[in-house]
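I've put the structures underneath this note.
The same chain A turns up in both complexes below, where it pairs with chain B and then with chain C.
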Partner chain A sequence: MPLLLLPAALLVCVMMMAPMVLLFRYSLNLYSPTQLMVEALSPANYLNAVRDPYYRDVLGTTLWVALLCTLLALAAGFPAGYALARMRGRWKAWLTLLTIFPLMVGNVVRAAGWMTLLGNTGMLNAALRGLGLVGEPVQIMYTTGAVVIGIVTVVLPYMILTLASVIESIPRSVEEAAANMGARPFTVFRRVVFPLSLPGVVAGSALVFILCMNAYATPVLLGGSQFKMMAPAVYDQFVRTTNWPFGAALAFILLFVTLGLTMAGSALLQRRYRG
Partner chain B sequence: MSTNIGRRTLLGAAPLAAAALAASARPARAGGQVVVGTWGGDYAELLTRNVEKPLLAPQGIEVLQDIGSQDARKAKLIAERNGRRSSMDVVHLSDTDMYQMAQLGVFDDVPADIVTNAKNIIPALHRAYSIPHIFSGQVILYNPDKIKTPPKGFADLWDPKWKGRVGIPDLNYPAVTFGTAIMAGGSMGNWEPAKKALLDLKKNKPVVYPSHEAMAQALKAEEVWIAPMWLARTYMWRKAGLKIAHIVPEEGAIPVIFEAAVTKHAQNKANGWAYLNAMLDAGAQAGFADRMGYVPTVTNARLPDDLAAQIGFTPAQQAKFNVPNYEYQAKNLPAILDFWNREFKA
Partner chain C sequence: MNIWDATFWRTLVWRGGVGAVFAVVLLPMVAVVWLSFFNQEIASFPPDGYTWRWYVNAWDQKQFARGFINSLQLAAIATVIGVTAGTAAAVALVRGRFPGRTALSGLLLGPLAVPGVVLGTGLYVFFVQIDNAIDFQIVATLPGLIAAHVLLTIPWTVRLVSASLLGVTASVEEAAANLGARPFTVFRRVTLPMMRAGVVAAALFSFIQSFENLELTLLLVGPGRSTLPVEMLNYLNFRVDPTLAAVAAVQIVLIGALMLITDRFVSLSKVVS
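And then the complex of A and B:
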């Protein structure tokens, strides 16, 4: 049987790994404005990216935006995931479908929706002005707040669905037993539900954190030109300056940082609640 | 079923085989396919309507449009440059990108004896490696309701009266930088003076828009009143109902040209040249003017006077065009983008 799996496994490995290997090789090349890419085996692109305060700032912004969005998605997604998991009958199917619904349209379309809501002449500002709460429009578009709102709404369905699938597997009787023994609802959540749903929290947070770290369309469209995260910076290098070696180095730095933090975060969470 | 091939069969088939061999050895023949890497939307539709159906279909040439972004086409050209087959026969790019790709040696020079319409190209737009298809230039657009005295040039963007009302298109950073450089005493071959001037412009709180669509929205909402922009875009936005007028900057406009070339390893090279020739047809070029606001690149194309007045440039304005110095631009664009991102937009 393992032998029969080998061709498909090899094919998947090659298809997933070959572009990465090629990109890593590019990251060791050098850039020339006329020849674009000069063959080399140099760590210069990595060193330049790490030494450059501009890219350190971009990475820093990416990290804190991704962490904030992950925490907000977890905070907003847990109650929704719990409700979905404990729901029965027709409503559950409908609400699951509604949760999946935003995933059926692309991030760009959703960002465009936010643009019409958050713009200076958007619905939110129109409502604020209509209610007499503000005289001049409030600048929401092209701010960090707009990016955070946009990214959280993009990743929320992933968090909800991941949590719901894990919470579903926790028997309701466990919660009832804790309540019977005098635990208050918050204690039941803190001592029973949350620790038991930890695999979902870890998986959901890791998935969402990775998506946030790699967000492209939302920061570009809602953050505007002045707001920089790593994925748009990588795009700039590949597309606007055609500097593939430096773009590849930035992409790998993003990959390593995301991977490292995801693994560290997961290990920390599991140790904290299992220990 | 017998598989024996008799002497008579062989003799009978020989002339057919010879004809087939002769046909396959012919370097250029009518008919067949041509793969064209191009933009989608209006541009692709207008190519079909004005170039492909009326001019190439009668020659039996079937066109396969490979629609995608300019960046995707550049990536394909770079990735395929050492290969023996190109996935595209004809490639459409803007002038700056076309120059950059031509330096990699991925295009064949345009043969004047085959692309016969090339003789009508406006001389200033002539290149060895490509043909110019349509062009426009960078102008200053403004809201005439808010700005009663029309601006004169780039310097008006620095006028403190328009603080917070200046829009800058992020995608046009090269043209904005060079336009600024010229205003500040530089040239298309010296962008250094733009650095200080652009940092000074920040005092006027310009809003940098990530896309042209975002800028159109801001103009419509009258959030910004003045901005540098391509005349073709300005024309289209005006047609769409935006209250905007424009002036050609007194320092001279920077033209943008959209070009086409045939790849060195094209599989249908003869049809590629036929495609380029058709793109230069005077009637076909005029078809792009009204819908997209771009000016023909051939001297024998005629536009209605009112349309020409809206999208064209007078001979005096054309004489003042600041034509990009492509070699200088290619070498300096990474540094310009670096400055743009780190210092101007920061």
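And then the complex of A and C:
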């Protein structure tokens, strides 16, 4: 039996573990403009990244965009996930398909869709002008707003599906009991449904936060060249500046910050609502 | 339906809000399909008229036609390799009794947990290192891309096939074995048919994951050996127009069709949750 595991396990070991170990090793090397990379065991790249105001700024932007997108996705995903969980029969099957479908369509295609909607001659500006609300086109593309809209819609299906699968397991009778005892709908949500769906809230937010932190196509296409998040900054080090050790260090800073914050956030949320 | 009743308005706001969330997620895809039929060459609203010609134009653009074929080929090969290896692993993980199964299943699901940026740059430096060590090119070749994409297909396969195997009890297999079937016969005649739904779903998800992948692919492509998402990204850095919208629309329709076909075999709403 264990022999059946060998091909897959070997593949993942070689193709995932080895590259990650190598990338981490590179992050401790030093960069030289003539030789590109000098062997070393130095934390210099990490220290430079943290000290450099430019990269501090990039990390800061990434963090607050990711946090904002996670909160927006949670706010919009909760009602949608609840509605999906409480649906029955054919409608539910169709709506689930409609939720999975955008996940399957790549981020580049979806960013292209937002570009057609948000551009200066795009659908939204045409509609605003048609209604006489604005005279000049409003600049939406290449702003933080465009990136936030793009990322939120990319991650929303994950949030909806995660929340729906947890909410499904909450018996309806619990809500009915609260309502019968006189709780208003919002109170039922705040005191009953939300606390019971907390595992879904934590899992969904963690998953979505990780995806937001690592977003690549959406910030590149909707944010333009002036807008920088971590993932595009990492690739730039490999493609444009060929400073691999520094790029490797940036990649691991992104990985560690994301994991650290995700674990801290989950622990905090769970502790807060357990008592 | 009494419009003076508060419940009516509450229901209306609730349904409208939920509908709006789903609409916003689907909106960009509707917009890009619509744009692909616009008569004018610049992406501006409203349309002058409608035409099919951008689809022909897109196919005439070498980078899109070649990218499309490359992506199809890459996704097909990666799926065959990944689903085979992943299915075998899933059978061993679910039916086997040996130590370290939890750790191994964690390892096999790992590629889903590692961010694409880290894995993508890691694979690139790894391949360059091998290129230099043995003087054999891997970066910007099909084998290199296949190796990277198989990594995407294994976790999906392990997850979906394991789920379908957990749904059926092992006693059916034991019954077949007790009646004298050899292990391979048990697998072919009993286990395989029972997990068919999971394997079909795994193949579909793997194919699409590979076809649409950008992050792992970005650094591994080379001249003439690029994939459709990378070609689209390069094009979109300059502009969005009906030709690109046609390329996007073809993918949207292709993926939609694949999902509907699979849904006839396996209920996707059950597979995912």
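Operating definition for what follows: the second predicted complex is superposed on the first by the 259 of 275 C-alpha atoms of A that agree within 3 Å, B and C clash if a C-alpha of one lies under 4 Å from a C-alpha of the other, contacts with A are read in each partner's own complex, and residues count from 1 in each chain.
Keep this in mind: a residue touches a chain if its C-beta (ideal position, glycine included) is under 8 Å from a C-beta of that chain, and two chains touch if they have at least 3 such contacts.
Bear in mind the structure is a predicted one, so any value in this text is a computation, not a measurement.
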Fit-or-clash call for chain B and chain C when the two complexes are aligned on chain A: clash
Per the contact definition in the header, classify A:Phe189: touching chain B only (first), chain C only (second), both, or neither. neither
Scan A:Met20 for contacts with chain B and chain C and give back first, second, both or neither. second
Quick check for you: in the superposed arrangement, does A:Thr96 touch first (chain B), second (chain C), both or neither? second
Identify the partner contact of A:Gly119: answer first if only chain B is touched, second if only chain C is, both if each is, neither if none is. both
Quick check for you: in the superposed arrangement, does A:Gln226 touch first (chain B), second (chain C), both or neither? first
Which partner, chain B or chain C, is in contact with more residues of chain A? C
Which superposed partner A:Val239 touches (first chain B, second chain C, both, neither): both
Quick check on the superposed pair: does A:Phe209 touch chain B, chain C, both, or neither? Answer first, second, both or neither. neither
Is A:Tyr158 touching anything from chain B or chain C once the two structures are fitted on A? First, second, both or neither. neither
Would you find which stretch of chain B runs into chain C in the superposed arrangement, from 78-86, 96-104 or 240-248? 78-86
In chain A, both chain B and chain C touch residues 115, 119, 121, 220-221, 238-239, 244
Across the complex, what residues on chain B touch chain A? 71, 74-75, 78, 100, 103-104, 170, 207-211, 214, 217, 221, 223, 330-334, 337, 341-342, 345-346
Footprint of chain C on chain A - complex, ascending: 1-5, 7-9, 11-13, 15-16, 18-20, 22-23, 26, 76-77, 79-80, 83, 92-93, 95-102, 104-117, 119, 121-123, 125-127, 153, 156-157, 160-161, 164-165, 168, 185, 210, 213-214, 216-217, 220-221, 230-231, 234-235, 238-239, 244, 247-248, 251-252, 254-255, 258
As the complex stands, chain C meets chain A at residues 10, 14, 17-18, 21-22, 24-32, 35, 42-46, 84-86, 88-89, 91-93, 95-98, 104, 107-108, 110-111, 114-126, 129, 147-148, 150-151, 154, 158, 205, 208, 211-215, 218-219, 229, 232-233, 236-237, 240, 244-245, 248, 251-252, 255-256, 259-260, 263, 267-269, 272-273
Listed in rising order, the residues of chain A that touch chain B in the complex are 31, 33-37, 54, 115, 119-121, 142, 220-221, 224-226, 228, 236, 238-244
